[in-house]
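Chain lettering (A, B, C and D) follows the sequence in which the chains are written, and residue indices restart at 1 in each chain.
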């Protein structure tokens, strides 16, 4: 979904190409229960909700601590999936607020507020088979995800950096303009039996 | 969908992150008629077919001239969307073979065999509102897409380069290994009335 | 040389990493006569002048059409190579102003004002063995350089894109921030006899 | 200096663009004493030696533990700076072998064999003003360099990732082919008085 369709305010938003890759890595299915931790504008929550609505099921929990984020998520939800009963807006701070939520099958962590390990622990405590995708824009968070692999004994993980360069027309020319690269890290502790 | 799930042979395949971005740019809907020109292993066709099957409609025309590609596409179709009546495997050379196909609402061009302008022309002749996504790995094809914008009077277009770097574990370390960057170019001549 | 050492004003400047690569591709020697076409702030001219001064010879012609550029180049020249007789500041428009200059052994083209082919022609008319390095930030200029290869029968050429991502400290974290990628294209028509 | 000019064998070599940036970050001067730790093929040592020879002074210590590296470094030294008395080939393992060397003004660490912190400590023990440049191709080494900043109280540091994409001609087209990105990290504990 195109970035310009979302209400954004001044909140940082996962860019559409990184969002597409992140959602692809999540591998959502009809029965999914997705936690979107640090939901920001809700762009990931809302695009996931559109997918799940098409699949005919699922739940999205958009978790956000900031007032402006809450307002934007509600607005974007109303714009794209009005009245869809699978959408749940949760105001509060992770990891504390996660305690009261139902166990996730999928977790997206766009922003961890420096509490990544606790958030991973809270998700795995609810469901050790949860499929987790983290977006990282810092060396420290990427390194921490790799430490988490051994700390939590994830059996499957993957890390890809997505660097997007956009062509912008300036006069007769198309200039290359870079977006900041984002690491998309996928973690899974136990693979579901198939 | 993960690359390793597909039958691949020795045919070049759109990598999963680039495929996710390209499919996102296509914006497929339930009523979509997708041409996948130069379908290769059929990975784009098959992932599009999965999306459309979930949406409850649509048609995919996987167009490929090479024998090995045809075999792989059939195998991947049987693996992921067995029996889905929306999947059509078309052996032949673009743009000639496109004549006999129904008008596309969406076109993906992964490989043009040096005939990009004719393929664009053939698609637009059938439907001037077709939404077209091209993958380019060369400077010449990217430049040609930009020339096509004025030649065909596309009213909306976008070009993004997606560069993916993957972490590979070597001993105790994670090395950064790059995939070749791919330009994802989206073209639309007439926007449908909304 | 570090970017922050230069007087810059509001003129775009070749970033230090791209400047280092570009100067490396030029392969300046003691007897070099360098044209820096579209010299901007003069950062390439001045760093080349420092190299040549250390080598004990050479000439740099910094060619710039804008008043502000001329002022900045003079300031940077005075700062780094004061009194060095090899530095020549040339106000005027390429390719016309190139007519009156001595034949170059090396040419750097940071900005061509849409006149790239004429500038290449002017340089080669003076010296068909000139080693030429072009910086391009647009698809069109990169494609034009590749066309120039056959148009001028360059026997040796190379094109590399340099994409620099910088770590910026934000709180306890280091964020990845991208600079726009630059193509560094090296062209040589006739290799000097060795 | 072009990569193809060096004797290489099967030893990994710093690519020419990354070498140009790394040497630029080192800021060698006439009086420099450079340690090249994990010298590999000696490409950095030899290009530094060429620079210093032109400046009329300086010393390069190429430190390497592998037999094949030692042989290649000697061959490259003989090829580019034959008879230059500033070149010193040191066979041995860092950090132990560093003990016996003269204090460095500049240090390049292309490979640390997992002993980065000890190597930094050994260099700073000899000269706390040494300017140090590290090349890293792993997340762990990059993160370790950032930890070193606080551990050793470096007052100035910088980290840039250099990602090079090369155009390769295939038929009538130029394909974009990526090299793996390299982090170039510059560290300085005490700036010399000026």
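As a convention for this text, a contact is a pair of C-beta atoms (placed from the backbone, for glycine too) under 8 Å apart; a residue touches a chain by one contact, two chains touch by 3 or more.
As the structure is a computational prediction, the values presented were derived from the model and not from experiment.
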Subject >> Chain pair with more C-beta contacts, B-C versus A-C >> reply: A-C
**OP:** Please work out the Cα centroid separation of subunit A and subunit B, and write it as a whole number of Å.
**Re:** 26
Original post:
Can you give the whole-Å distance between the Cα centres of subunit B and subunit C?
Top reply: 40
Original post:
When the C-alpha atoms of subunit A and subunit C are each averaged to a single point, how far apart are the two points in Å?
Top reply: 44
Original post:
Counting only residues that touch at least 2 other chains, which ones in subunit D make the list?
Top reply: 139-140, 146, 163, 165, 167, 174, 176, 181
Original post:
Chain adjacency by touch: line, ring, star, complete or other shape?
Top reply: complete
Original post:
Okay, in this complex, where on subunit A does subunit D touch?
Top reply: 139-140, 142-143, 146, 163
Original post:
Which of the residues in subunit B end up touching subunit D in this complex?
Top reply: 114, 137-141, 163, 165, 167, 170, 172-181
Original post:
Which of the residues in subunit A end up touching subunit B in this complex?
Top reply: 1, 16-17, 19-21, 23-24, 54-55, 146, 158-167, 174, 176, 181
